[in-house]
Each structure stands twice: as C-alpha cells, then as structure tokens.
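In what follows, chain A forms one complex with chain B and a second complex with chain C.
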Partner chain A sequence: MFSLSQRFQTLGNQAITYGLFISVFIAITSWFQLQSQDADLVPSTIESIKPSLSFRTSRYYGSVNGKPKENAKITFDLETDLTPLFTWNTKQVFAYLTAEYDGKNTHNEVVFWDKIITSKDEAHLKVNGAKSKYNIWDAQDKLSGKELEFKLKWNIQPYVGPLIYGETIGSKDVLVQSAAADDDNK
Partner chain B sequence: MSELLQDFQKKLIFPLDFPSQRYTERLQQITLLVGAIVASIVGLSTQSLKNLIIVYGISIAITALVVLPAYPAYTRRKLQWVQPKVVNISTESIE
Partner chain C sequence: MNLRLELTRFLKLCFVLSSAFMFWKGLSIATNSHSPIVVVLSGSMEPAFQRGDVLFLWNRNERSKVGDVVIYEVQDKSIPIVHRVLREHHNDKNKQLLLTKGDNNAGDDIPLYGRKKIYLQKERDIVGTVKGYVPQLGYVTIWISENKYAKLALMGFLGISALLSNE
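Then we have the complex of A and B:
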C-alpha cells in the first residue's frame, strides 16, 4: 500500500474477488427463484401431430450409396407458457420439441422444432399448424412403424452460472405410418 | 531523456506514511464489502443485473477516490529517522 500502483492493484484484486462472490450469489439466488416459480412443473399441450414421410436420395438427407432414405416432417399445434423460466438471471430460453423412440439397440432423441425466446413477453408460446424445422431420419433404419414420444424441452441460458436443462410436463405419443399406408389414405 | 523519465517515475510513486497505509487498506476492505452487499441487495430487490453492476461500480469508484490519491492527511506522519550525531568527519583522519 506504499505506492500508487500498489494501492491500485490491491483495489483491483479485491474488487474482482468480491465480483466473483457476487456472481456466485446471482447464480444461487436465480436457481432458488426457478424452484419457487415451479419451473420444473410447466405444463404444455402438444396436439394434432401429423407426420409425413418422403424419400430423399441426397447424402445430405441421410442417404447412403444413393439408396433412398425415409425423411420425416411433422405439423403440430403447441401451447405452453414459459414465463416461470424467466428470472433476473435469464438471458434467453431455448425451447425445443423433441421426439424419443427406441432404435434396435439404442434410445434415440431427435429435435423437430425449436425456438429461441429472448424476453418474458414472448414466453407464451402458441403455434397452430406449425411445420417442423428439420428433416429427420433414423441413422440405422427407418422411422415408419416407430412410436415417437413428443416432448417440449427447454434450456435456460443465464447471464451468470451454468446452463439449466429441463422439460415441460405433457407428452404425446404418435405412431409414424409407413409411406405406403400414407399413400393409401390419399 | 531516460534520467528525465526516471525522475518522472519517482514523482509518480505518491507514497503514504505507515499508519495511513494500514488505515486505507482496512477502509478499502470495508467499503468494497459493504458495496458488494448493497449492490447484491439492490439488484435482487429490483430484479435487475444492470442495477447491481451500476451500484457495485459506484462503490468501486468511491473506494478508489478515497484510497488511491496521496492526500496531505495520508502523508503527514512521516517516519523520523535518527539524526547522525557526528556531522563532520575529515577525510584526512581516516587515511
């Protein structure tokens, strides 16, 4: 503390140290706030999921050696209110619609649709007849005849602290009809 | 030129006396800690990280204003060195 530069250094060190304590405090309080707002119990309704299949021969759509690959798309309705996920430490929320299904030896999870929510005002999601963003294919086999369990999951990206993952309550099982059966319906 | 720079550097040291060094260090710890606690409370109660950062920044600025400059009050109690008792030694007597 003798010279000006020494005083400046100790002041800077101490300010940064207390800053670290403050950021830990922010992370802990925002976690408790999430618990008190029942962030893990947010309900969601996923309705009228209509899968549609198409065959693609491009290797960018999972085709191997030019063999046609079954690609799945869906349309769906979704309603949920994600405002309980917003605390003073929430920068943005990533909400994504996943489908889980069993492969030959694996349990798979694929993402059909997602949305980035940057403010509390946009947190009430209500979409009707939305189309999935991504083409989905099974790496091993094909999707038709599989039972998909749809769920809306979320990921909170905070200003300070770790990413927090979770899922809404409410799921929907849909059996993907084979393309031939789909054609028969038409 | 380098001598000029060295003189300039010596002037930039701004030394404090010993009691003031102890005092400013303690003062700095207390004000920063109080500032951090107040900033956390303000931020949590207004639910805004921006307010927290502003309040903490102000507390750091105030601490810097109080602690960093060598005010006259911080330099008054200089150490009194022992005065040499023998003033004149003729060089001839050593030889």
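Then we have the complex of A and C:
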C-alpha cells in the first residue's frame, strides 16, 4: 500500500501545493504594500541636461558601412527617493532614465542611464553632473534637432511573483542642438 | 503476470505523458510563444535572475517597451538569451527595432546579434516577455542536463520505483 514512490509522490505534491500557496500570498501582500506606500506617486526631479554630440564610425556605435553616425551623450542632475518601491518581496529595483522622441513616422524611446538598487539604503538617488552610461544614436538618421522628453522609470524585480513596472512623476524636455549650432554659440 | 493489468498501467503512463504534452502546447498557444516557461542558464542578468530561476513568458504584446526583460533567439543560434530592452524604435506599420543589454554586462548586445545586425526585430526574434518569476526551481533541469551521474541516478530511481510499486 505505502510504497516508496507513493510516499515520495505525496510529499512532492504537498510541497508544491504549499509552495504555490505561500508564493501567491507573498505576491498579493506585496502588491497591497506597494499601493499603501504610494509607489506610483514617487516624484523625481531631472535637471540641467546637457547633450554633447560626436561622430563614430564603428558598427557598435550605430554606424552602417562605416558612414559616420551621430552619437549623443548627456550630463544630468537627478534626485528622487525610491524607498516606497521596497516591500518585503523586492529583490532589486532597476531605475532607468529614458528619453522619448518622435522621428519621421517613428516613435522612439532610449535609455541614457540606469542603476540597479538592491537595498533601501541606496534608494535615495541624488546625482549631480552625472554622465550618461550609453552612447545614443537614432535608428533612422540623427538626434540633433529632436525634442527629447526625459523620464525616470522603474522596474521591481520580486523574490517571487510578477515583475512590476512604473514611472516616477516628473519629466524634462530638452531640444538637442546640432553640432554646428553649438560651434556658433562658442 | 496479468496482461490486462499491465496494459492498464501502460495506458495510464501514456495518459500522463500526453496530458503533460497537451498542457505544454496549450500554454504555448495561450501565450503565443514556442517556449512559454524557460530556465535561466547564464548570469548576465544578475542580480535579478540567477542560473536555475524559472521565468514565465507572454508574447501577445504588439510591441516591447523599454525596460522589458525579453527572451530572444538570434537566427542560426538556437540558444535563447534573457536580456533587457534598452532602446525601441517603431514606425506606423508596427515594425519595431530593439536593442538589448544584460544588466550584469558592461556593453550592449550588438556583438551577439552577428552578421552586421545592430538591432533585433520584435516580430522575428522575440520569443517572449518575462512576466512572472520563481527562483531556483529550474536548477534540477540544469543539474540533470549537465551532470551525467545525475542523469543515471534519476533513471535508476525511476526504474527501481517502477519495479517496487507492484501493489
């Protein structure tokens, strides 16, 4: 009646059932915790964005067939407090500074800077004159002359359950001047 | 030896296997992805995902968003890669170009795309977007596929339990 495999099977089934129940409980309670901490209402200030342009000829900088490709970098100031995103089910928060812009019949969104935050102690972000992590180029032609809308967005990676996305309140519009216009100003 | 009993047992085994297969294929249709549940094999997304973590995918979205963690397969390479979308460019005709990067990697994925490509295409290359996460549960499959003794032990255990379950 009670063979080894039967015992093993019963044990396995129970472990899976309880595991599932606990996981669902954790996911649901952490969602309520996020709501009560107003995670969707976190403010951020993005200031003094200064774009700088350069031309690259490598494929790894968006150049096709060695034609010079316009690359953009920025420096920026950022302040926000992402502590409300931390619940008992938050493993890490991925915060990323994006820029949205419209091209010819296209809509684009690119990430200039990001940061992995693994504990509440690091959740208060305050950077001044920080450099963007990535060189950005436009898929079609170039970024200069385009109006970029900057926002800070976040993604919560849980210990178990669904990935949660959102954005902070606050944005900044910046027009990228062409390199020639930059020279005129000097 | 009772032939009827043996046949019933065989039928039950077939039933278990076919229902597992139906469950997998049903999930595939529901999510519109050819592998709706995947196990992470590399550390390129640490600390978010470690080796052996199980990811649940969804592929019915028209477009990927920046920040999404996606699974993609580059043509001619059968290894699926789990990385984050850092840029998206789409036009009115719903053709979308994506650039991805692993959280734990220094640079973006252009060297992985190969063949002079500098973007992924949503329709062609994306297997799914990660929606849900369960840690470490998939480590068994890595352990079994990479350790020949583990494979033998599993076979042996299944064989012995089949022999012993002669109730």
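One rule holds for everything that comes next: the second predicted complex is superposed on the first by the 175 of 186 C-alpha atoms of A that agree within 3 Å, B and C clash if a C-alpha of one lies under 4 Å from a C-alpha of the other, contacts with A are read in each partner's own complex, and residues count from 1 in each chain.
As a convention for this text, contacts are C-beta pairs under 8 Å (C-beta built on N, C-alpha and C of every residue); 3 or more make two chains touch, one makes a residue touch a chain.
For clarity, every value in this text was computed on a predicted model and none was experimentally measured.
Trainee: Determine, under the contact definition given at the top, whether A:98 touches first (chain B), second (chain C), both, or neither.
Mentor: Touch partner of A:98: chain C, not chain B.
Trainee: Scan A:3 for contacts with chain B and chain C and give back first, second, both or neither.
Mentor: The answer is both, since A:3 touches chain B and chain C.
Trainee: Does the superposition put A:162 against chain B (first), chain C (second), both, or neither?
Mentor: So A:162 only meets chain C here.
Trainee: After lining up the shared chain so the two structures overlap, which partner does A:111 touch, if you call chain B first and chain C second: first, second, both or neither?
Mentor: Only chain C; A:111 stays clear of chain B.
Trainee: Which partner does A:139 contact after superposing on A: first (chain B), second (chain C), both, neither?
Mentor: second
Trainee: Please name the chain, chain B or chain C, that touches the greater number of residues in chain A.
Mentor: On the superposition, C touches more of the residues of chain A.
Trainee: Quick one: classify A:25 as touching chain B (first), chain C (second), both or neither.
Mentor: first
Trainee: Would you sort A:88 into first (chain B), second (chain C), both or neither based on which partner it touches?
Mentor: It touches chain B, and chain C stays clear.
Trainee: When the two structures are overlaid on chain A, which partner does A:11 contact: first (chain B), second (chain C), both, or neither?
Mentor: In the superposed model, A:11 contacts chain B only, not chain C.
Trainee: Show which residues of chain A both chain B and chain C reach, each in its own complex.
Mentor: 1, 3-4, 8, 159-160
Trainee: Over in the complex, which chain C residues touch chain A? Could you list them?
Mentor: Going through chain C, the ones touching chain A are 47-49, 65-69, 84, 86-92, 97, 103, 107-108, 110-111, 116, 118-119, 130-135, 161-162, 164-165, 167.
Trainee: Can you check the complex and tell me which residues of chain A touch chain B?
Mentor: Result: residues 1-4, 7-8, 10-11, 14-15, 18-19, 21-22, 25-26, 29, 87-89, 159-160 of chain A touch chain B.
Trainee: For chain A, which residues count as touching chain C in their complex?
Mentor: Its residues touching chain C are 1, 3-6, 8, 23, 59-60, 62, 64, 91-92, 94, 96, 98, 103, 105-111, 114, 116, 118, 134, 136, 138-140, 153, 155, 157-163, 165.
Trainee: Going by the contact rule set out above, which residues of chain B touch chain A in the complex?
Mentor: Listed in rising order, the residues of chain B that touch chain A are 12-16, 21-22, 24-25, 28-29, 32-33, 35-36, 39-40, 43-44, 47-49, 52, 56, 60, 63-64, 67-70.
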